[in-house]
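Shared chain: subunit A. Partners: subunit B in the first complex, subunit C in the second.
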Partner chain A sequence: MTTLIGTLVGFALTLFVLSYFFFRDWVLFRWVMALFIGASAGYAAAIALREVLWPMLLRPLLVLRQPLLLLPLLLVLLMLTKAFRGKVSRWGNVAVAYLVGAGAAVAVGGAVLGTLFPQSAATMDAFNFRLMRGRGMSWGEFVITGSLILLGVVTTLAYFHFGARPQPRRSPRRRGWIEALARIGEGFIAVTFGALFAGIFLAAAAALAETAQSLWLFILTLR
Partner chain B sequence: MANEQSETIRCPMCGKPNPAEEEVCRHCGARLKPLTVDAKARPTADSYPQAGEEIFDLSAAAEDPLSSLDALLSDVPEGEDLLLGEIDVPLPEEEGAPAETDALLPEEEAALAANALLPEALGEAKQTEPLPPTEAAPWPEGTPEEEALAEAFADAGAETPAAEEAAPEAEEALAPAELPSWLEAMRPVESVPEPPEEEAETPMETQGPLAGLRGVLTPLTAAMLNPEERPWVSGRLALSPEHKKKIDILEQLVRDEFTPQALSHPRTPGTQRILRWLVAAVMLLAAFLPLVAPAFRQAALPGSFPAARAAQTVVARLPQQATVLLAIDYSPAFSAEMAAAARPLLADLQAKKAHLVVVSTHPLGPALADNLLTSLPRPYTAATTLGYVPGGAAGLYTFARLPRLLFATNAAGHPLWTGAALARIHTAADFDLVVVCTDDPEVARMWVEQVQPLLGQGTPLLMVVSAQAEPLVEPYYETAPRQVAGVITGLEGGMAYAATREMKVSAYTWLVWNGYSWVVLAAVALMAAAGLYNLLLGWWEARRHPRQPLLLDDTADEA
Partner chain C sequence: MKAPVSTAVAIGVGGVILLGYFLPVPYLTNLRLLLLQWAVFLAAAALFVAALNLSQHHWVRLTNRHEAGTSGLLLIALWGSFVLGLVYPLHSAAVRGLFRFLILPIGVALLGVLTVSLIYAALQMMRRRPGLFSVLFLTTAMLILLGATALPGIGPIPFLSDTLRPWLAQVPAAAGARGILLGVALGTVATGLRILLGSDRPYGE
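Moving on, here comes the complex of A and B:
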């Protein structure tokens, strides 16, 4: 019985979400969205209390008597002042500064060592025939792949070159050869965004197919 | 040269040298030596009221302005104007001009005229308190008029106590004042021609920069000072309908600033609405088609995916009973796609009896992980859920280095790192494999940047990602050495992984795969049709309206 009620509720909520196709942002769709957001926020708050604050901060502090954790507790209390208006909220800046500073340091270091250097090296590796041959690439594939990567990198960078010369009676324009490269780069950027959009659509198509399958199975169980 | 300079003085006006003994400049006539006048010796012209001058005690007026004004007005004969600020001072005349001695009143007449206009209180104050002499006031001498003035002031010297004593020395020290010719030319009084008779009745300014000009200042009449006789002026503005209209607009603007405005929903044209419903109907039909018609369940398996094949190779090399870190970092909206992508991999790990250690940087991740592991054909029981990793990139970095510090115990306080699978784990590099399931390319990048460098060669990193994150994750697979050892992309990647392993997929997954294939096919058909339609429409519009070059100004437009 419980399963049936749960399945019925799920069926109804799914139909309300799908109603956006026909009625757009109407009352039932908005109600379902509010329900989802509220449930997610409440669950996240419970998780934060149950899996973060109690086992990582309060329990070691109160039960295990670890005084060093007073500092994180102080930062937590300072962060709570951000919820108030007026001058009190300034005290929260200390906690925010600590979070932003530590987070930025970690993120920048990771970005440089984990993305910038390896990705630059990978772009240059495309012109390393020995390495590419080790990956099973033929000479023709190597030339085509390397040319495409070279052309794509150069023309995309040229697209983001905005230096232009004023022209009498006409809008300022870039130099002719930069303009030509930028046009090609525009094509590469369009292909990139097209691929991203295609990926988003494929994810939505998978969700639609799975939802249709769930609805169909529910209908079959009712018979 | 120096002696010559000491015997000459330079004119302050024209700058030319003159002998030291000269009183006036030989070249321009300007005075070279200053006039020295003993102020106590002689009274100045400003010290005494002149004919037509009104004396008004400002200190008394400041204390009680209304009573002072009333007292002043009470002395003015009815119907006559009260002249304020108009002082008739006799000016020195040029040589040969007739002396206007009439302007100087005898002592009795002057006192009578002054007392007639002054309030009683002011008059008493004037008699008892002599006005202070003005210092350094030049007083011309030499002409007959000046002599007359000197005599008049000498007669009135009783009011200036030190005048008699200082008079002889002062007369010797005083030199006749002679205005330079250029300064004489600037005096407006003599240069103004005689006014017509009608203008002569208007008062002429005798002092200050307006000296010599008539009718510049309106005389203050007694009626102006009397509040009862003052003309009544309304305080209300006379507004025309045009002004009223503008005021209404301004008030409406101010009111609108504080009135919440309802969002306007632009009406969608009927054709677009029909088109949207048509697209939705086609998509839903494609999704339900293989479910209602078994004839449409013939979708082909996806082709070879190198990244998925690489992932399968990594899993195949895993030892039995390996410890695998599984990160469930996708949102609930993508659970269908992500579960379909991850199930074949999890089934493979289950076959190798791998022990899963589950974490998530998403608060809902642990719950989604439980749902995923129990939805397998055989529920995955060999798993330990550590829980939620807070702190974003910093938290993930801490977990990769010191997982035992972050997760010392579970929520109930029981130790986590016990048992054969977990006892040897001290850092992320101690895991045999790390698998990250995410729909967000930013989260995938965070794992690559913060965790992968700490893993070393012995612990490969696999990614199970949504189709929307694949373009941004794929470059990490293309590096050498590979930062991501293998990638399984969405539903298609999961099916490719299963096809590579020749695994049997469930009937549920097979139906979802068929529906997915039909939806993608329908979308491709719709996009191709819409693109062709737009192409033809653009070609038709280009033929009807040829494109004009962009011109910036009117002259170029005309050209």
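Moving on, here comes the complex of A and C:
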């Protein structure tokens, strides 16, 4: 019985979401979005409390009496002041600063060790003939592929170079050769975004087919 | 200098964590892990604060009778799922029901809505910004989509499915993606260092 009610609710919610195709942002769609956001936020908050703060901070502090945890507890309490309005919430700035500092360090470390080094190494691999021959590539393919990848990486990076120089009575412009490289890079970016778009579209289309099929199967079971 | 304590905390904590990444000193590594664990506590607390703020915002809307129905539903869902998540364990039938009958159907249906939105966005792009970028973007998307499909009676399209599509994905698209990733990483390093040096202080003055 519970499963039937749950399935009925799921069926109705799916229909209300799909009603966006016909009625756009109407009241039932907004209600379903409110349910979705509320349920997700509430559950995430409960998980934060149940799976992180209680077992890793509060329980060791209260049961095992680890005094070192008083410091993070103080930071957590300062962070909670952010839920209040007025001057009290300023106390939370220290906790936010801690989080921002830690986040920045993790981001820098991750970007250097997780992206800059591996991606540069992967780009250099395109010029490792022994490796590419192992993947069944001929000499001609090796030269063309390696050159294209190098050209793509360099010109795409040039596209993100925004060091424009101010010019009298004209809007600031990049240097001519950077502008030319950036134009080529724009083409590579278009191809990359096209490939990403196709991938996301395929996933979304699969989800739409799955939704339509589950709706149809549910209607069949009702009959 | 404004907010010296906050700035010192951000620089100190960030500096120690960053050093712990690059210097293989056991003491520093342990300290980095401890500071990161505390950051996890703070992230959890920040999530809790975000839910509280969302709740407060919609409570005000409810009492002001501004879209009271939507805000009321959101509050019921928020506090209902919060209590459910606190009372019942992760793998209980109640929590699984919340996902199976509420979050999952809405999420999947929203992904379905995205299909039409993507087609609409692509058409709008061709109308509003016709040019080489749009043509390249849509041509690549079409070729990859066609290469991923099988035609009735023919199956995968010859040359497109087995040669052109993998080449597009592995050479020009991969090169562009690598350039974008390197650009993002360089931007992240620059922004991160500005915070760690105290030039940017996005935690309030």
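What we mean here is this: the second predicted complex is superposed on the first by the 194 of 223 C-alpha atoms of A that agree within 3 Å, B and C clash if a C-alpha of one lies under 4 Å from a C-alpha of the other, contacts with A are read in each partner's own complex, and residues count from 1 in each chain.
Methods note: contacts are C-beta pairs under 8 Å (C-beta built on N, C-alpha and C of every residue); 3 or more make two chains touch, one makes a residue touch a chain.
The shown structure was predicted, so the numbers you read here are calculated from the model rather than taken from an experiment.
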Subunit B versus subunit C as contact partner of A:L28, first or second or both or neither: neither
Which of subunit B and subunit C A:T192 touches, first, second, both or neither: both
Contacts of A:S171 with subunit B and subunit C, given as first, second, both or neither: first
First, second, both or neither for A:G103, with subunit B first and subunit C second: both
Comparison of subunit B and subunit C by subunit A residues contacted: C
Touching partner for A:P72 - first (subunit B), second (subunit C), both, neither: second
Touched partner set for A:A121, first subunit B, second subunit C, both or neither: first
Which of subunit B and subunit C A:F201 touches, first, second, both or neither: both
Touched partner set for A:A44, first subunit B, second subunit C, both or neither: both
Which superposed partner A:P55 touches (first subunit B, second subunit C, both, neither): first
Shared subunit A contacts, counted only where both subunit B and subunit C touch the same residue: 18, 21, 40, 43-44, 47-48, 50-52, 56, 102-103, 106-107, 110-111, 113, 115, 119, 122, 192, 195-196, 198-203, 205, 207-208, 210-212
Subunit C residues within the subunit A interface of the complex: 3, 5-7, 9-18, 21-22, 35-54, 56, 67, 69-71, 73-86, 90, 95, 97-98, 100-116, 118-119, 122, 132-134, 136-142, 144-145, 148, 168-169, 171-189, 191-193, 195-196, 201-204
Residues of subunit A that touch subunit C when the two form their complex: 2, 6-7, 9-11, 13-14, 17-18, 20-21, 27, 30-32, 34-53, 56-57, 71-72, 75-76, 79-80, 82-83, 90, 93-113, 115-116, 119-120, 122-123, 145, 148-157, 159-160, 185-205, 207-208, 210-212
Residues of subunit A touching subunit B in the complex: 18, 21-22, 40, 43-44, 47-48, 50-52, 54-56, 59-60, 63, 102-103, 106-107, 110-111, 113-115, 118-119, 121-122, 125, 131, 135, 169-171, 192, 195-196, 198-203, 205-213, 216
Subunit B to subunit A touching residues, read off their complex: 276-277, 280, 283-284, 287-288, 291-292, 332-334, 336-337, 340, 363-364, 366-367, 387-388, 390, 392-394, 397, 406-411, 413, 439, 445-446, 448-450, 452-453, 466-472, 475-476, 478-480, 483, 490-492, 508, 511-516, 519-520, 523, 550-553, 555-556
